[in-house]
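Quick heads-up: structures coming right below.
Both of the next two complexes hold subunit A, though its partner changes from subunit B to subunit C.
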Partner chain A sequence: MLDTVVQNMGLLCSRHKRGNQATTEENDQAAEIERRIEQETKAEKHIQKLLLLGAGESGKSTIFKQIKLLFQTGFDERELQSYTSVIHANVYQTIKILHDGAKELGLSEAGSSKYELSVDNKEIGEKLSDIGGRLDYPRLTEELVQDILKVWRDPAIQETYARGNELQVPDCADYFMENLQRLSEANYIPTKEDVLHARVRTTGVVETQFSPVGENKKSGEVYRLYDVGGQRNERRKWIHLFDGVTAVIFCAAISEYDQTLFEDENRNRIMETKELFEWVLKQKCFEKTSFMLFLNKFDIFEKKVSKVPLNVCEWFKDYQPVSTGKQEVEHAYEFVKKKFEELYYQNVTCDHQDRVFKIYRTTALDQKLVKKTFKLVDETLRRRNLFEAGLL
Partner chain B sequence: MADSGSDSTAPDKSQALHPVYTTVTNIQNKVRILDGIKVTYSSWVKLFKLHAKGYKVSDHIDGTNPPVETDPTYASWAEIDAIVLQWIYGTLSDDLLARILDTDASAHAAWVKLQEIFLNNKGSRAAALENEFTNLSLAGCSSMDEYCQKLKAISEQLSDVDQPVSESRLVFQLVLGLPFEYDGVATFINQSSPAWDVARNMIQLEQQRQAARQNAPSNQSVLMTSQANATGTPLPTPAASQQQQYAGTPAYPPRSFDHSSQRQNYRGRGRGRNSFRGGRNAGGVWVVSYILHETREEIMWLQVTTRCVLLVVASFLVVAFFSISFSQPLVSDMSLNKKESFNLKTMGEALGIPDSGLLSLDDPTLDVDPNEPLDKLLLNKRFRLSFMEFADSCLAGESVHFYNEVQQLEKIPVNDHVKRIYMVRHIIEKYISTGAPMEVNISHKTRQEIITTLDLAHPYLFRNAVNELLQLMNMNLAKDYWSSIFFLKFKEEAAMRSVDHELEQVNGWTFSPRPSSVHCPDDPFYQDHVPRDPPSHDGHGSYLQ
Partner chain C sequence: MPVCPTRAEGQVLDLDTAVKDGVLGGGVGFGGVFAEKLDLNKMIEELDLPDVPSVFICPISLEPMEDPVTLCTGQTYERSNILKWFSLGHFTCPTTMQELWDDSVTPNKTLHQLIHTWFSQKYLQMKKKSEDVQGSVSEILTVLKKVKGQARVQSLKDLRRIVTNHSSARKTVVEKGGVAVLLNLLGPYTSHAIGSEVVSILVNLSLDSPSRLNLKQPAKVSLVVDMLNEGSIETKINCTKLIQILTEEDDFDSDIVSSHGLLVGLMRLVKDKRHPSGNLPGLKLLKSICSHTQVRILIVSIGAVSQLVELLPGMNPECLELALFVLDAVSTVKEGKLALSSCADTIPNMVRILMRVSESCTQLALSILWSICKLSPEEYSSIAVDVGLAAKLLLVIQSGCDPLLKQRSAELLKLCSLNYTDSIFISKCKLTRTIR
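Coming up: the complex of A and B.
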């Protein structure tokens, strides 16, 4: 677009040299430029701006990756390969966190040998922890995998892992440990699944453009999606994206009710999410913005609820479990959902009465679920556009 | 010292010529015109007495009985008395002169008459002055100088009407009338209850400091507001404003010895300590006093005065020195030595770390191989700046800026503790502490480790943080950099610079997912490291000219 403008301007200049009988022509040219600029802005207007917001590790980037897989070209082999080092780094970091965590727990609970590694594994643990603290990790080899597995299976490490909520163990730990053998293969190429699990802290802003094409092959709306970092220091950058947003996709990892922030270990993650959501709702520029709340990481939530009571979190302290099993999970989820719903309506003033608010239960790793969710989001937003245009 | 000189040098009136006759110059230069407003009666009296003492005629005004008319010295006494009377008349405002003028009167009579004029109706005058005194505040005055002078003047007028104001009350009132910006120094003054001059000096220093802070470029202000919004919690602003100071300006204005103000002080010396305009001129006064003291040894009163001044000023300077150096020894040091530090953009430059400024033409170029580890690549300055520009463009620049400044810290020799600590403190305040203007994305543990450290000069203080951030850059930013316009530009430049190097064909550039459209005028990470055009990507490196 800019190129055409420049070209046209070049034409203008050269014509000007020829004489001024070309004035009308010039005017035509100028009008053409005007028209094109207008066209471009119109096209720009058709692009809907979506923001992925949420605290750190709430699954924003996973959603972002899913979009790439679902509505774009996906990952080619080169891109998949580039994730190998990330995945290996995740493994080393996990072991380091667990090893150092076991040491710390052993110190704080003196007298208890629960967190003491067995004699054989101690040395291996030290070695792996040392690698984990380095900058460039070696590629996983069969030998290293054996070492890692030894340490990982050590009762002390398992005991520490059980208290992983107090450490900053990434959610992917379990998954990668289970697949360790595969990861170390010489011709290992990460699978889609592996890439989705890989944990990378996002910094700054990442954007992509996509269009969820429906089954009937009618091209849908064009969306431009922005992914951001979620840690406190990253949030100050969000404000630069807040203008003209169609919808905010707010990710809340509901499984994190017993965890603390990566950037502040004295702060419960759900409490932070609660305040963050409130803050986002109150933003002036979001008066007409739709809100899609993704209650994410339902898979982990499901497993956790039966083990860790929901009321360990201050916000959920009035929760009363009713039964067990699947029913209990549903009950707990409904409770959390209600809490977020209440929070939303508490923070809505009469200015934003006509904005859309939807809550979705998601697991960002689940491709089908994310696809379905985005179809729904797309539908909601299109309906909303028609409504605004007065057609509905 | 006063008594050592008085006996030996006191001239016999009958033999030597009385000093009154020796140097009768324009009296108004020495004793200011008394008008009751600008020059209060009490200060006029002080000046006049000083003058009279210097010319050995104090007995003409203090009521000492004159010699009887038959005395042989009477004639010369009467002559001198007339001269003193002239002095009095010469230093009165016109309307006062009209009330006093009387050719037959002695100097003492005129003195007493004047006293009556000023010290009558004491009660009502005292009440009015008292009221004025308690209600005076800095807000009601045009400047700090005026405020202090007014307070002092009123207190002097109060002592004229026999309602002397104690020094501690004066200091208390001085603090009372200050706005809240001075709360810190006010508390300190109230606790330590210093002398008037010391207190005044402290406040003026604080004022200068605040002025310097306001003048500092406010690069970070946008960030601060957006940050405040973003976290929804109030910020520890002191750290932030400190940061602004560091942005280039020294915390204190250059404390140069200004020659014109020196002269002013010299002339105004007789007016008392009020003319010392803060610590910055105290040094000048000290020098002048010292020279006078050494060169005019024959004049006794001058010796006495200069010695007093020397003492007072020296103690001034000591207090001033401590009040500055407690907080920021090096910054004030820098501002003394280098006026050009005002223009320095980074802490590194301010500390004179080599290689911290702009790119120079002979910086080595680098044939970048994306497969090399990022930490190796970042050691090259050209690459680092290109990477920094990229990171800034996608609002992730703080990590690279942090890395850059830590690299500069590494260049300071390990045994140069002062510089190192300054750089470390700067880095902590800018990148590490919670709510810092360019806070980096590091874990709680690493942050706590740095903040709670007892050894700021520790060589590996930032190692964990740097590692974490290199990981972050490596895993998150690097990939997008290779497919960005910034890397393209970097390659082009490298190719252009090395002549034998063939321009490489650039194939299959995927579009970087990093936004190129997020360019706000208030880019929070806008830094003057590279004088670049407003973010227009015209394909030419604008920072290599």
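Coming up: the complex of A and C.
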């Protein structure tokens, strides 16, 4: 298409010349524009397109933020500050979900007072729930912080939090609750950690271009990373990005095996991810695309496995624990990994023979690990390029 | 004044050079007194050199002489050998065939001295080189523990070179705890560059039980399987060999090898026509792991059965036997039987193999044919007979192979014949007479 544009531009310019006896200056300009377009077209060909895909809350945007932090100039003060309102919103949303959730659970378990807030906290709870339902959130003041902490520490809320998987409690809940005092300070500027934990539902597409700088500072690879919204209604926008993709980074939050979707409370999140992954694998445009599967949120998975058995998820129903502690965590992880591997190979045909497929264990919040993981991804893609050029 | 070089059977011992090199005791460092301390017999054995000058070799035993004695004909032999010759009643010179006019044997002190000095020199050279090797290995291992990135890759490459060129280095690496250092470098975040070098070194070393256990950690196995799928042909073969070493333990856990990634990678190796050196190692590992039922089912599920069947005609005997073994193993599971029978080339290829390559291949091909025919006797046995199975079976029965094999052939023949009347069957056998 670009060729047509270039050609037509040339025509336009020459027509213009014939019409108005164009000066040499105008000719020069036209030539300059043509040259620039040609240069950019060439440059585009060297840019490798990476696509972050996955269900909602699988960690795509966190990976996106990490890449910005690692390979670009990171977040400047202005950008950090822009996250303050998001973080405060997260706090209000969290406490509202917990408060309303407590009521719900209290109703379903009639007769039990486990989810009954104490008399003092009931009123505060209602007030906070009200605030959380608004479109505009008030600034986090000292008073509000005290209120929130009172409700958060109420045993009924803690009981509710323990059943957080049945509600839509965001993963950043306890991080923000623990740091509440700091978040409310007058001159609060979010830290990198805070920004990484901040939760905004991505809508539309976000992109960033970067060059991973290697040891010899010579890398030369240019990547363009695209982040998308993961919820169901966002997925129809994905198809526009599917052409010419070098690699798909598919994020699957393995800690979600006991949680349900935000957009459909009857649907297990892992089952949704499973189906989504299959769908992505079968796309014709990805026949030659490399697939990097990030099994994300390993830190949460680690802690959950000993408390909640894997077999609550239908896909993992044949899981048999063999030991306890760290060994068991490893065993559980290997089981999940094998399930995904099986899924991949079940959806592979002879057209996909040469396709690269690798699985990585990630914790998107950990910058060091993301850096190490990305180094491996980069190496794999570079070797793939050499292989395709016939040099390997 | 130039000295005439002594010539003996092609090998020239140039006296000028020999003096310069110190063999004749004129050189630096390797004087005669020094050399006397080393036991000649021990040196000869340890060195085991193929290029010993022929003047040092006894014409009777073709071994270097430790106690050379000269006869009256001027020919020199190893004392014990020539005395044995005499004790057998011969009084001739073995090489010149002359009758001896004098049965005395004179010790050839000069030659003995030369031989001793030559071997001592070589021995000391070898010792020095091996000490060098030991020193280099220690050095590299120390460096390895400290550096990262490119420097690490370079150290590993150096280590690999030494281990490949000097077999003594391999023991040294193990003795100096190098195996643990290498194993530590393998993990979920190991790059391909480092992982492939580590594997290429490990396959040359003898790994003890704890090391092998360490290697069986899921993260490390995953890494090796990934490299098997993505590496160069050398890396692929090294990874295959390493996993092979792991499978050779008694209490081997089949979970590790029941991996789609591994089997897909192995099949790629086996099918690779551009790099046939990988075919055999791939097949060997497939054979080792197909003893587990889980693996057999996996082999079927990745579509390997028809791929293997189609490769059979092009395989050399060694590969063929391994491939048949795998297919035979697969035929013991229901999915395998189905896959084998649904592949159109199975029966013709198996029939062709009978009595064509080796007895073991015939046995395996027969076993596979059995599995298929038993599935649906009318259907498959008629296909088999159509491609000449009956004639081949008769060949087996008439041959000199294992009685059990003959018996099975007879049974299969009977099974096939059940669907035909006698006359039709005989005509299908393409023979004018039958042997019942």
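Quick note on the criterion: the second predicted complex is superposed on the first by the 352 of 392 C-alpha atoms of A that agree within 3 Å, B and C clash if a C-alpha of one lies under 4 Å from a C-alpha of the other, contacts with A are read in each partner's own complex, and residues count from 1 in each chain.
The criterion applied here is as follows: contacts are C-beta pairs under 8 Å (C-beta built on N, C-alpha and C of every residue); 3 or more make two chains touch, one makes a residue touch a chain.
Keep in mind that what you see is a predicted model, and the values were worked out from it rather than measured.
**Q** Is the arrangement of subunit B and subunit C around the shared subunit A a clash or a fit after superposition?
**A** In the superposition, subunit B and subunit C stay clear of each other.
**Q** Kindly classify A:258 by the partners it touches after superposition: subunit B alone (first), subunit C alone (second), both, or neither?
**A** neither
**Q** Which partner chains sit in contact with A:379 here, subunit B, subunit C, both or neither? Use first/second/both/neither.
**A** second
**Q** Which of the two partners, first being subunit B and second being subunit C, lies in contact with A:345: first, second, both, or neither?
**A** So A:345 only meets subunit C here.
**Q** In the superposed arrangement, which partner chain does A:86 touch: subunit B (first), subunit C (second), both, or neither?
**A** First partner only, subunit B.
**Q** For A:358, decide between first (touching subunit B), second (touching subunit C), both and neither.
**A** So A:358 only meets subunit C here.
**Q** Looking at subunit A, does subunit B or subunit C touch a larger number of its residues?
**A** Partner touching more subunit A residues in the overlay: B.
**Q** Taking the superposition on A as described, I'd like to know which of subunit B and subunit C A:57 touches: first, second, both or neither.
**A** Neither subunit B nor subunit C is touched by A:57.
**Q** When the two structures are overlaid on chain A, which partner does A:330 contact: first (subunit B), second (subunit C), both, or neither?
**A** In the superposed model, A:330 contacts subunit C only, not subunit B.
**Q** Aligned on chain A, what is the least Cα gap between subunit B and subunit C? Give it in whole Å.
**A** 25
**Q** Identify the residues of subunit A that lie in both the subunit B contact region and the subunit C contact region.
**A** The overlap between the subunit B and subunit C interfaces on subunit A is empty, containing no residue.
**Q** Considering only the defined contacts, which subunit A positions touch subunit C in the complex?
**A** Going through subunit A, the ones touching subunit C are 215-216, 330, 334, 337-338, 341-342, 344-345, 353, 356-361, 372-373, 375-376, 379-380, 383, 392.
**Q** Can you list the residues on subunit B that touch subunit A in the complex?
**A** Against subunit A, the touching part of subunit B is residues 223, 226-227, 229-232, 373, 375, 391, 394-399, 434, 439-445, 447, 464, 467, 470-473, 475-477, 479-480, 513-515, 517-518, 520, 522-524.
**Q** Can you list the subunit C residues touching subunit A in their complex?
**A** Its residues touching subunit A are 149-150, 188-189, 191-193, 218, 222, 226, 230, 232, 259-261, 264, 268, 301-302.
**Q** In the complex, go through subunit A and note every residue touching subunit B.
**A** 82, 85-86, 89, 133-136, 168, 200-208, 226, 229, 231-241, 260-266, 275-276, 278-279
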